[in-house]
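Please go over the structures that come below.
The same chain A turns up in both complexes below, where it pairs with chain B and then with chain C.
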Partner chain A sequence: MTLGWIGEALASAPVQHALIAGTEIAFLSGLVGAFVMIRGQSFAGHVLTDVGTTGGAGAYLVGMNGWFGFLSFGVLASVGMELAGGRTRGERDLATGVVLSLALGFGALFLYLDAQLAHANASMAVLFGSLFTLDPALVPWISLTAAACLVAMLLIWRPLALASVNPDLARVRGVPVRAISIAFMVVLAVAVETDALVAGSLLATALIVGPAATAARFTASPLRAGLAGGLLGALLVAASVLLSYDSYTWLPQHTSWPVSFFVAAFTFFAYAIAAATHRVAFQRRAEVELP
Partner chain B sequence: MNPAISFRDLTVSYGSRTVFAHLTGEIRAGQFVGVLGPNGAGKSTLLKAIAGLVRPVAGAVEIDGKPVRRRNKAIGYVPQSVQLDEDVPLTGRDLVGLGLDGHRLGFPLPTKERREAIDAALAQVNALHLADRRIGRLSGGERQRLLIAQAVVSKPRVLLLDEPLNNLDLASTHQVVELVKRLAHEGQMAVLLVAHDVNPLIGRADEILYLANGRMAKGPLDDVLRPEVLSGLYGYPVEVLRAGGRVIVAAGAMDGHAHAVSAASPEASVMLP
Partner chain C sequence: MNPFVMFAFPFARHAFLAASFVAVAAGWIGFYVVLRGTAFAAHALPKVGFAGASGALLLGVNSLFGVSLYSAIAALGIGALAERDRRDVATALVLALGLGTGALFLSLGNLYAADAMSLLFGQVLGVSSSGVMETACVSAAAIALVVAFHRVLLFTTVAREAALVRGASNRTADWALLASLGLATSAMMPVVGALLSFSLLVGPALAARHLARRPWQAIAQSIALSLVITWLSLFLSFALGWPVGFFVACLSALAYAAARAISRALGRKAQAGAA
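And now, the complex of A and B:
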């Protein structure tokens, strides 16, 4: 087997755009994922993709770019959830659940109307991703947004960590706990909703929780887990984009397999291998320690 | 010399409900005070008012003779617990480090001073061996000791602990109270510890601050936990039973029986052994 097809893939403009946007947002997602673990907010991540589905489907309906639909609904929902939620995790989940059901209702309506009125392909793009049909004009904006969120995450790293584990001490030390929680939710929304372009809204959270959780198997440091998770996510997305491009030749009917399939498969295998290696290492250590 | 904590005429309300009114008291450096009282009496609210997190409708709080303010490194605050799943990437060292510089922007750079300060705080709570363990894999008592290290790593003058003994087993409870006592006396910190049960504090706390019915009584344990003092606070008869060195506060004998008993508060209904 020759690897000439990789050079051919890299020469294609849609592949270049997909690689740039996809890896950048995957890196941000891994970094954000470390804090999603610390804050126990993976449920909120799922809700944001569901709400994003509504925004994305709605955007196609009015002829807007899908990314703006995803993003506007996601950011609104993230701020809304943070403002409406109570102080305890339970109250927060309850508020989240209420937002979720309303959003899913509208999402169902918009997807149905999309299929009936506007784009026959809209629901496929919203649910399973549309990385290869990305508007080239959008790529710089995605890069800029991802970079801004990355800088924001590194800036609020410590106060966000303190506010997550001991909010009262954070307040005593002058950390604006509310504002910083909202800032994190907005960054999470940006990451999740842009992941929806890559992997579709059904699988967007895979890039948030998967790589970070995999990295956390090997390091107990939040910063290292975040950075390693980001690199792993970027790698998985790059491999997925290339394989999706190549998959065009795999079946005689000549049809590309969706990027989201490869992302989900790679994420799962990375996590499974990490879990297995970890277990083996742990058992060996236990055997030595026990008399 | 100014007391480490002093509050005058302190009144806190949530909406139209007054939690407590006109509380006045002071705690000296090196003094370990246990805060007791029934649920809803405002124990945690008093702590938050002293920390400057709750704005009183009347009265004032002073730390070292100066009005309490935000951005305060002179106050350490220990919450009830820290809940993390076992795989979450956050170690004991990370947790303690946040008490040192968690209010600063950016991410922590590993300097020698930072490492030494964290090691010193870990050593103070006998938790050096927990430095590189994940928080989610530790026991309740181990987590509580790390939270105390997080609160004292910035060398505060005042240490506030909000129900740190909830969810701890008996051995850990005694270990944590003993540790807090040592920190207060050796580190010359003014310490307020909110608890449900008076018994772990017997012989360890220097004074008891008992809150009930919007009022407070403060003094040595034997002066405060007396039927006439507590009955005066609650406004109805309260009995203080002693058995085998343990203390039980019981709602009064209005119908001839002492009932609805707990170790510290007549409103709970748990009988402790």
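And now, the complex of A and C:
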């Protein structure tokens, strides 16, 4: 088999932009995801994407770029959730749920109004991603934002790790736990909302949780899990972009399969395989250790 | 506008009936969702149901079938993948896979944005008379399931250790709730839509938790609130033409905020009386 179609894909400007923006943000997502795992914030991460839906739909409504809508609503919601936080995880989830359902309600209204005002494609772009129709002028901004978030993560890495694993000890050691948590939530929001461009607001969670959960099966160190998750995420997104480009020729009716489908399928199966491997390896070790 | 004008239209009567069944089921099952704090699963199953419905649209089969099949698979998947304390990760990943295939179905079927919208946000005014029957049966089955497991669900949540000693299994309770949620989802999806089934599941039940003292009292209040919210939303949606889900979400949040305010005011008065 020749790899001609990959060369052809790489020569196309939209694919280049999609690859650059997609892999950068997937790397950041994997890194952030390592802490989402430790802190048990999968639901919070998911809520941010739904709140982003509202922001994205609202932005289209007033004629702004969707990304700014995603970002502004996501960052606001992340800070709000952190400040409102409940005592236990279940309670926190329920309080989060009420905010979420309110945001979804307004999202429904905005998308409905979008459709009424003849931005018919807006709703699909918000919900299912718009990586191939990315505004080229936005790509450098996405790169810059991703880089800024990476630097922020590296700056707060050690206190964040301590505060995530043992908040009481962190407080005793003089770590500003609250401020660190809020900073982390803002970075998480930026990563999630930019993922929404790649995979759509419905699926952005996959890139945060999937690669990180896969990596967490093999290492307990947040740094190693973060780096491995980031690389895995970037790889999956690159493969998804290329396959989505090629899928146009797969079926007679010539519709390209959405990037978000490939991202979701790859992350799920990566996790399933990792879980199975881990189980087998663990069992073998247990057998060896028995006298 | 007189809201009762809407009953002159058969489609509005169907919508009203179907939405009422759904409201009862959501209010009832929501009590257990709130009790056990499984908000994420309650949010994920309807969304996965959306993928099933779009698959059914693609193949041209009954959407109820697609939704039930997909929610059943998702409920099994979450239950099987979830180990101790890792339920949220399993839920997120099953949710993502389900939605991914949903996106694929929509694009393969060349379905228009309008189809996706009606699946996600509900199309209450498109319910047929056979649809009403289906909704009634599925809602009843979902309720029957939680009623059958009522004692196990309560016991394992309230007194986990005691329940284990007495042989009541937390896993059984988990599975029963997931299965019931899957069924309720199939009933709710076509009416309220995937995204906002969740509001109806969580909002009224959370409000009731702040008001009620006993389980059955909470269930009754939750159902009553859920019915009122649904009826008001239908009237408003019919009058203004905006999506039903928007009103359901706003009214649910309002009910929760009001219930919290009331319980706080009552609590303060009770404390003052005791002192």
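By definition in this document, the second predicted complex is superposed on the first by the 279 of 291 C-alpha atoms of A that agree within 3 Å, B and C clash if a C-alpha of one lies under 4 Å from a C-alpha of the other, contacts with A are read in each partner's own complex, and residues count from 1 in each chain.
As a convention for this text, a contact is a pair of C-beta atoms (placed from the backbone, for glycine too) under 8 Å apart; a residue touches a chain by one contact, two chains touch by 3 or more.
These numbers come from a predicted model, not from an experiment.
Colleague: Taking chain A as the common reference for superposition, should the pair chain B and chain C be classed as clashing or as fitting?
Modeller: Superposition result for chain B and chain C: fit.
Colleague: Look at A:P222 in the shared chain and tell me whether it touches chain B only, chain C only, both, or neither; answer first, second, both or neither.
Modeller: first
Colleague: Output check: A:G105 vs chain B and chain C. Expected answer is one of first, second, both, neither. What do you get?
Modeller: Touch partner of A:G105: chain C, not chain B.
Colleague: For A:L202, decide between first (touching chain B), second (touching chain C), both and neither.
Modeller: second
Colleague: So which one touches more of the residues on chain A, chain B or chain C?
Modeller: Per-residue touch count on chain A favours C.
Colleague: With the two complexes overlaid on chain A, check the angle at chain A between chain B and chain C, Cα centres, nearest 10°.
Modeller: 80
Colleague: Touching A:S72, do we find chain B (first), chain C (second), both, or neither?
Modeller: A:S72 contacts neither chain B nor chain C.
Colleague: Is A:A213 contacted by the first partner chain B, the second partner chain C, both or neither?
Modeller: both
Colleague: Touch test for A:S29: chain B only (first), chain C only (second), both, or neither?
Modeller: After superposition on chain A, A:S29 lies in contact with neither partner.
Colleague: Please indicate which partner A:V172 is in contact with in the superposed arrangement: first for chain B, second for chain C, both, or neither.
Modeller: In the superposition, A:V172 touches chain B alone.
Colleague: Would you check which partner chain A:G40 touches, where first means chain B only, second means chain C only, and both and neither mean what they say?
Modeller: both
Colleague: Can you report the least C-alpha distance between chain B and chain C in the superposed arrangement, rounded to whole Å?
Modeller: The answer is 5 Å, the least C-alpha separation in the overlay.
Colleague: Could you tell me which stretches of chain A are touched by chain B in one complex and by chain C in the other?
Modeller: Common to the two interfaces on chain A: residues 37, 40, 89, 213.
Colleague: Using the touch definition up top, name the residues of chain A that touch chain C in the complex.
Modeller: Residues 37, 40, 42-43, 45-46, 50, 88-91, 93-94, 96-102, 104-109, 111-112, 115, 120-121, 123-124, 127-128, 200, 202-203, 205-206, 209-210, 213, 251, 253, 255-258, 260-265, 267-268, 271-272, 275 of chain A touch chain C in their complex.
Colleague: So in the complex, the part of chain C that touches chain A is made up of which residues?
Modeller: 34, 36-40, 42-43, 47, 81, 85, 88-89, 91-97, 99-104, 106-108, 110, 112-114, 116-117, 120-121, 193, 195-196, 198-199, 202-203, 206, 242-243, 245-250, 252-253, 256
Colleague: Given the complex with chain A, which residues does chain B contribute to the contact?
Modeller: Listed in rising order, the residues are 48, 51-53, 70-73, 75-79, 82-85, 87-91, 94-95, 98-99, 101-108, 132-135, 147, 150-151, 162.
Colleague: What residues of chain A sit close enough to touch chain B in their complex?
Modeller: 34, 37-38, 40, 89, 154-159, 161-162, 165-175, 213, 215-217, 219-225
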